[in-house]
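One structure is given below, encoded as structure tokens.
Order of writing sets the chain letters: A, B, C and D. Residues in each chain are counted from 1.
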Amino acid sequence: MTNHWNDLQHTDCALIIGANPAENHPISFRWLTKAKENGGKIVSVDPRFTRTSSQADVYAALRSGTDIPFVGGMINYAIENNLIHKEYVAKYTNAAFIVKEGYDFKDGLFSGYDEAKRAYDKTKWGIETTEDGKPVKDETLEHPRSVFQLMKKHYSRYDVKTVTTVTGTPEEDYLKVCKTFCETGKVGKAGTILYAMGTTQHTVGSQNVRIYAILQLLLGNIGLPGGGINAMRGESNVQGSTDFGLLFDNLTGYLGAPKASVPEHATLKGYLEKETPKTGYWSNKPKFVVSLLKSWYGANATKDNEFGYQFLPKGNKNYSHMNLFNAMSKGELDGAFLFGTNPIVGGPNAGKEKEALGNLKWMVAIDLWETETSAFWQKEAGSDPSKINTEVFLLPASSSFEKEGSISNSSRWMQYRWKAIDSRGEARPDLDIIHEFALKLKKLYANSPKSADKPFLALDWNYGNGEEPDIDLVAKEINGYDLKTGKLIANFGALLDDGTTSCGNWIYSGFYPEEGKNKSKNRDNKDTGGEHYLNWSYAWPMNRRILYNRASADASGQPWSKEKAVIWWDAAQKKWVGKDVPDFKAVTAPTEPGGTGAFMMNKDGVALLFAPTLNDGPFPEHYEPYESPIPNAFSAQEMNPATVIFEENFNKRGFKVDYPIVATTYRVSEHWQSGTMTRNQEWLSELAGHMFIEMSEELAKEIGIKNKDKVIVSSARGEIKAYAMVTKRYKPFTVRGKKVHQIGMPWHFGFKGFATGDTANRLTPHIGDANTMIPEYKAFLCNVRRAD
Amino acid sequence: MSNQQKSEVKVRRFSKAFVWAHAVNAISFFALYITALPMYTEFFNWLYPVLGGPANARLLHRIFAVVFCTPTFIWVIFDFKGFKLWMKELITWKKRDIQFFSEFVKELFGLNFKHVRQTFFNAGEKINSLIQIFTAILIIGSGIPMWFHEYFPRAVVQWGYFLHNVGFGLSIAVIVGHIYLSVVHKNSRPGYSGVVTGKVPAWWAKDHYTEWYEEEVKKGNFPNLDDPKHKKNKGA
Amino acid sequence: MTKYVKYVDVTKCDGCRACMVACKNWNDLPAEPTEFLGSAQSHAKTTADTWNVLQYIEHENGKGNLEYLFRHSSCFHCTDAACEKVCPENAISYTKYGTVVIDQDTCVGCGYCTQNCPFEVISLKEYKDKNGKEYRKAHKCTMCTDRIDEGLQPACVTTCHTGAMEFGDKDAMIQKAEQRVKEIKDRYPNAMVYNPQGVGGTHSVYVLAEKPSVYGLPDNPKVPTSAVLWKDYAQPIGKAMIGATTMAVVGAFVANKIFSKKANGHDEDGGGNHE
Amino acid sequence: MVEMNLNRRQFLKLSGATAATLAVVELGFNEKKAYAKTKEFKIAKATVTPTICCYCGVGCGILVHTKNNTVVYTEGDPDSPINEGKLCSKGTTLRQLYTSEKRLTKPLYRAPGSNKWEEKDWEWMLDTIAKRTKETRDNSFVEVENGVTVNKTEKIASLGGAALDNEETYLLSKLMRGLGITYLEHQARI
């Protein structure tokens, strides 16, 4: 989230798309309800009329997988009706940049496409630069090769008619959405876009988010209170765990993991040169990388050994979730650790993922419960135990209040949890488990002369002498030290690339600036202005609550409007002041070079309308899902041309003839993710105890199903049984003149716990976004019949 | 003037079946009464522990409720004739029945009265029977939806409570009188043996149910008390 | 003593059901097996172990637009409570706050309250004592009277995040409800305050988006006439009748003694001068 | 830890009393024990500890009331500006995370081909896991690939961690990368 939960109350219009916060992030509705009381509007866009829709002023249905046409049409509407915030666009985005000749877009393909590789040559999407490397600009936005003109042209194809025939949205509803939301383009108004997995879990997931961002930038909504683009995180610390590098491609703090496939990465020097931009805040990257290496390898990280850079593993491919299971199914993996995760309920094509687990020699599951995954070898799972040779270790873990530590919410607020009670039974905190496991390994490897063991032996592991690690030492290591003085470092601004500072995660640096001052423990809830509560917890980076808040002021440093003021330049004090920590160098005057670079993390200090960095094109373009009931109306490219397609046997593809119904998955309020945490509790199981399929009355009638009947839903991957929930809240779509039905189902269920049911992910495909490889759970084809 | 002398001759007034039916009716009624009493008025809450707690009281009440439904069947099955006679009597009303009441009040309070000629049942008993039949129907009829409320509309159940209560109030009032007359009041006391053994003193039967008695005499079933050999102490 | 009202604005409710579990959590109520009801709703109505149930209603309004309506349903805490009236044990009583509570020690599980509540919110639960003997108790929402005693609001209100529920001074809450109905009339033309006078007003006052019948609520609930006749007439009259008959019998007994003395020498059998 | 205690004391001062004081202000009265009660007030004498909800990313504050070594109640933390004492259904039931009979209380081991779990002690479990890890790592470790130092093993995967604390994710990331593991993923991807 660029903004934060409390800030939602300041919005003039919240566009909720690809999310259902009333059900999945209920407390957000405390602030959205406040926004409504303040006169704000809520717009809900969803294939299904949800509880969020019930609270909305405007509701519009769209067929799953059509966000880009929907929002692309809004961009076109805003431009055509002159509703954009032109000055903001000209100053704070790359709209004025001139795209190099050679960029082209034809019939769904951008220039530089290599069909064999299913990949683009992104250099074909370059920006014209001056001799000193600065981008060439036309702030009138008139240049035909300016980003703005190219974008305008690109989205001129997304007219209301075409859009609504693709999305299936009634035109009247669509125009209401356009009108209501685009009003926030006015100065003094701010609109926010709230999204979640309904947006990202598509083959075009990243571009879905991109197109929201483009709309928000055009309307001048980023950096403002009540504005921004806000991804609502589904897990309590999925923000933190991502920040801390639990994805194959990122070390902590979004520092890219070195790759064997990039020749420059062979050395630290090469890696830093390749990955560090000349301008923008990321130009400080070497300081962060070296400080991280110092945290990890301590005294073993020296200037002479590239600060231990070579100890880091270098991969040569994409190791993301689906690839991981694909490799597992081929028997390429021997062991696996699962920390509180349940992929055979939560993973795509879960039936295949379950089978893949049987190829492991050993598996360690650390959890509060016996999950479907840790029990994959049991009869209940449909397995024959005698044929599965996987050794399974199941370790009981403590719950969140049986231990202490911090987590980071969607707003990036790092909040501390104190220990309320000793762990249940023999359960232990994950921290203790990881620590003791590390110590045991250290012992096993101790004094090994093998060079292969050197990287592990070099790993600095000093968290106290007891079996239980001293969590405070971990926290301090994350914040970082000035190694010359041994004192905690004030913040990442003080980090250096010469090995004299350490920092476990640079974006968090500053939360523990001196002994005894762990700011994640801050509990002063007085409003410090603008409902930002700066003394409650700590928000990375630098305790900032609204990212890009420099953009809330105009180029001269004054707020665009009084109503939406956040920070401003105080000429007398010669610094930026206001209600939030400035997302800017506090003393850089607007008139100084870079004084208007509101998006300082980016190379040129501007936000990217045209993003030559993504794998599937600089502008979001509509492609149909992997499984779609209808040909693409915008081009001859049916699906995202840059998406990796897995081999057929692991991932069968379904077609309209056999599977004419669009399906999507979602969550219910009472269950959480794969359901292990909630289906093992009686009260929540009581509230939502049954797996169901939601369908329209029209579809039910067509296939002869009554409410509460048992039905079988099948896809090319498998089939499941569930209750039919026949509802008025689903309506068939008219797409390109044809009736298209959609159904929806929760994906929480499995065979363990109090509330059990079939697993929706047995139906979902192993196909993902072209950039992130997030699976396309939200739009696939299926069929429904009565279960007899 | 001793009763002993009077009781010498006994005649059969009720069949065994009736005696049983009456006993079952009486016992179950009182059992029902006692098991419900603590709910009817808090004054009797001390009965709960006696009855083994509310749940037990409820259980007993239900057992006796079933028992309470049986007397009619006992009578009908084992003494249909008697039952038929009763039914017939209940629908036969004559002038003398009305006369009965004015005399009855006098009798009740021990004043001078004269016996009005009555058939097998006197008018008082007939009224008693009628009210008891009525209240039994009321109580049973309302008790069923109270017990099996899940099969009845709520309104029926709700009215059931009311009717059960009304039936109960009425019946207890009548029964208090009935018992008084049968076991306490000196004039009717002699007839008490009728519901225990089925037999009553002949002289008493003759006084109270003259018409019936004479008919039985005619049939040759009963001794003629006016016959001198029987007339010993009678008269003033 | 100030009376309190739980104000429920269903138009602000987003159906999260925190109220349902907050109730269970505070009152230590166990979960019960639930059947699939064809909607998100978990229980058809309140039960002895589930004192409030969130209703989910799909309703097409007059304009043919779909409304997805929610309602937190639980005890209304009537000013004239049928349950209180019919309870034979006086186990149900009004507190000084206006709430209606069942004293679990006194309750005998007769079920009269469950059958007479116009809102059908009371239920019996069967228990087994340590000897394995079964017994029953009637249960319903207590409005967390134990919490009110300590200066806390009911658990359901405390947890409600949208402000759909508030707890406070009766008059203020009723006023708030009336004001709120005015505000939402545009969106919900049938909106109304539900504070039925047939039961003397309630201590859970609702702002409804639609007519009561849409929520399965009675338009004009009242203490059942049968209960009034029963408790206000039949029972007192019945008691009086028992009294009267008993008095008559006692009178008769005494009179007999007196008259039999006076008439000493007379034929005890009464007038022998018959015929 | 002194600091934690300080913190907790501060918390109690700020909000332990709060629940009561707040409500008193709201209701306008503070009649203590107006009438005799048969039961002790449920959360009387309980220890109150603030935590953050373990479910979605909103980050609501929750108070955990513990007494007699169990969790007797959980409710929204009125001090948290995020939720101001309010919670959804999941947050409200946090208590059952502790009390659920389904909680794992002992380490369990399933031998190859077996159809059942066996209880094992921690020591054995961690020792065995460490052994397996070493074996697999040692058998599969690649130091150099095409002339580039890569120091990796592609035979071990680590999945999950979105529900762990920051400190835990940090150590997990550090340990797994320290071992050379490249298949390192968690729920953010799915």
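Methods note: contacts are C-beta pairs under 8 Å (C-beta built on N, C-alpha and C of every residue); 3 or more make two chains touch, one makes a residue touch a chain.
If you want to know which protein each chain is, UniProt gives these names: A, D = Formate dehydrogenase subunit alpha; B = Formate dehydrogenase, nitrate-inducible, cytochrome b556(Fdn) subunit; C = Formate dehydrogenase, nitrate-inducible, iron-sulfur subunit.
This is a predicted model, so every value here is computed, not measured.
The chain occupying the central position, as judged from C-alpha centroids, is D. Ranking B-C and A-C by contacting C-beta pairs places B-C first. Between the CA-based centres of subunit B and subunit C the separation comes to 41 Å, rounded to the whole angstrom.
Each chain gets a centre from the mean of its Cα atoms; for subunit A and subunit B, those two points are 86 Å apart.
Annotation: 49 Å between the Cα-based centres of subunit A and subunit C.
In this assembly, the C-alpha centroid of subunit B lies 75 Å from the C-alpha centroid of subunit D.
Multi-chain contact residues, meaning those touching two or more other chains, occur in subunit A at positions 26-27, 30, 669-670, 682-684, 687, 754.
Those residues of subunit D in touch with two or more other chains are numbered 83, 86-89, 91, 93. If touching chains are joined by edges, the resulting network of the protein chains shown has some other shape, matching none of path, cycle, star or complete graph. If you check each pair of chains against the touch rule, the ones that pass are A-C, A-D, B-C, C-D.
Considering their complex, residues 22-23, 26-27, 29-30, 33, 49, 51-55, 668-670, 682-690, 692, 707-708, 723, 725-729, 754 of subunit A touch subunit C.
On the subunit B side of its complex with subunit C, the touching residues are 1, 39-42, 45, 48, 53-58, 107-115, 146, 149, 154-155, 157-159, 161-162, 165-166, 168-170, 172-174, 176-177, 180, 184-187, 207, 235-236.
Remark: subunit C residues 86, 88-90, 108-112, 115-116, 120, 133-136, 224, 226-227, 229-230, 234-235, 237-239, 241-242, 244-246, 248-249, 251-253, 255-260, 263, 267-275 touch subunit B in the complex. Subunit D meets subunit A in the complex at residues 1, 3-4, 7-8, 10-11, 14, 47, 49-62, 64, 66, 69-71, 79-84, 86-91, 93-94, 96-98, 100, 102-115, 117, 122, 125-134, 136, 138-141, 143, 145-190.
Those residues of subunit C whose C-beta lies close enough to touch subunit A in the complex are 12, 14-18, 20-21, 24-25, 30-34, 36-40, 42, 50, 58, 60, 66-70, 161-163.
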